[in-house]
């Protein structure tokens, strides 16, 4: 059991979304945020760094947006779908752009391959959250 | 001239949006993020704090989302409208929810009145950015 | 193997600290940051929330400082001990204050008990990093 | 009057530090954080970007640490000097390292010159806060 799951199980009120799916989403968002931070830094150390400006930029964006999303969906008190939905949509878009860019370098750079996988997983979890919110 | 303006004037490439409008947006996003942080904290010190859970929660969300938006729009290298637009939409939604909530307490709590004004100004600047991106 | 470990193994240059210890530290910092975000929110939903202002406040601080520390230690390019050391010291102090506070509520609130454990683990990992930096 | 000042004047309890100095510090921290975000991005667009890895890295660190510091000192509820002091020390160190690095490029790149000035101003405000906390 992850800490996100444990924390949701001990939350004193009702959780606005399916708790298992939400815990998985929180873990993926937090993990993707940090993987993108590490990928931006790894790109900064590559010899061909000058070709990686777009990758670095999208990594930084994706880290910031996944972080904001992880915090907002972690908050269950007075859950407000009008704030949560558009932010998860923005997060999905950031993961898609960053995943596409990292994937295009994945054959040459392992850190980009791993980061692309994380972005894809995070994009899927965002879509699952959005499907649930649309119900 | 604010530092955001100065930094945009010395940016070595072309800026993807109108530079004056963008600098104003950056300043408002950064300022709104911090005002929301201060408002959440002021609410935590109110006697009637227990009635302010929704206000605190939306202040924290709005602070995190305005911060992410301020960072993403501050980045002009390899500007990607597919990432920027949905995030500015999410930011507009957060400012609206937080502004509505703070406004409802504004008659009794000065910090909420000031915060509501900041959220309204930030909502307007988000709308201006979105109008420009739609062109 | 966690993603932090995988990312450090594929980092294109030398890592300034012991890579296994560093990966563990990154994972703990990131996890503690989010647990604190969740604990602040759980406190906001407690009936006795009005008595939890100090806990909420320290949770928010600890989340922000652990996040900053996780990002800074995740960056290995041009590692600067003069920046990293004082930030890890600040993080240790935040984890200690937040851990003490959460522990004092742990008998009555499970989320505080879990959060206190996370803060203790994060405090230890900060101390290990500082020991290594002092060598 | 800035919004940080207005918010401190309407804060419902006593402020733990001199309110005018604190408001100035919040404004400088928030401003420095964003200037560093903009400077990192401007560096990413420079032709000689490959020589700027250290500058970009320190800009990112300084942005994250100034942000965390701005949030922690903005919170006055249950003010804890044991958390605040080491964080302001870390922030001072980050501003010094980033200021030194940006200054070394300031003759050739205006964004680094402006950013160095901001880091120096933020370093001074951190020192003032620390002096006050030591009393």
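Each chain gets a letter, A, B, C and D, in the order it is written, and its residues are counted from 1.
Here is the rule we go by: a residue touches a chain if its C-beta (ideal position, glycine included) is under 8 Å from a C-beta of that chain, and two chains touch if they have at least 3 such contacts.
All values reported here derive from a predicted model rather than from experimental measurement.
In terms of C-beta pairs in contact, B-D outnumbers the other of C-D and B-D. With every chain reduced to the mean of its CA atoms, the largest distance from subunit B is reached by C. Rounded to whole angstrom units, the spacing between the C-alpha centres of subunit B and subunit D is 19. Per-chain CA centroids place subunit B at a distance of 27 Å from subunit C. Residues of subunit C found to touch two or more other chains are 41, 44-45, 53, 57, 60, 67, 71, 75, 77. Considering their complex, residues 53-54, 57-58, 60-61, 64-65, 67-68, 71-72, 75, 77-78, 80, 82-83, 86-87, 89-90, 93-94, 96-97 of subunit C touch subunit D. By the touch criterion given at the top, residues 3-4, 6-8, 10-13, 26, 30-31, 33-35, 37-39, 41-42, 44-47, 63, 67, 70-71, 74-77, 109-111, 114-115, 118 of subunit C touch subunit A in their complex. Taken in their complex, subunit A has these residues touching subunit D: 40-41, 44-45, 49-50, 53, 56-57, 60.
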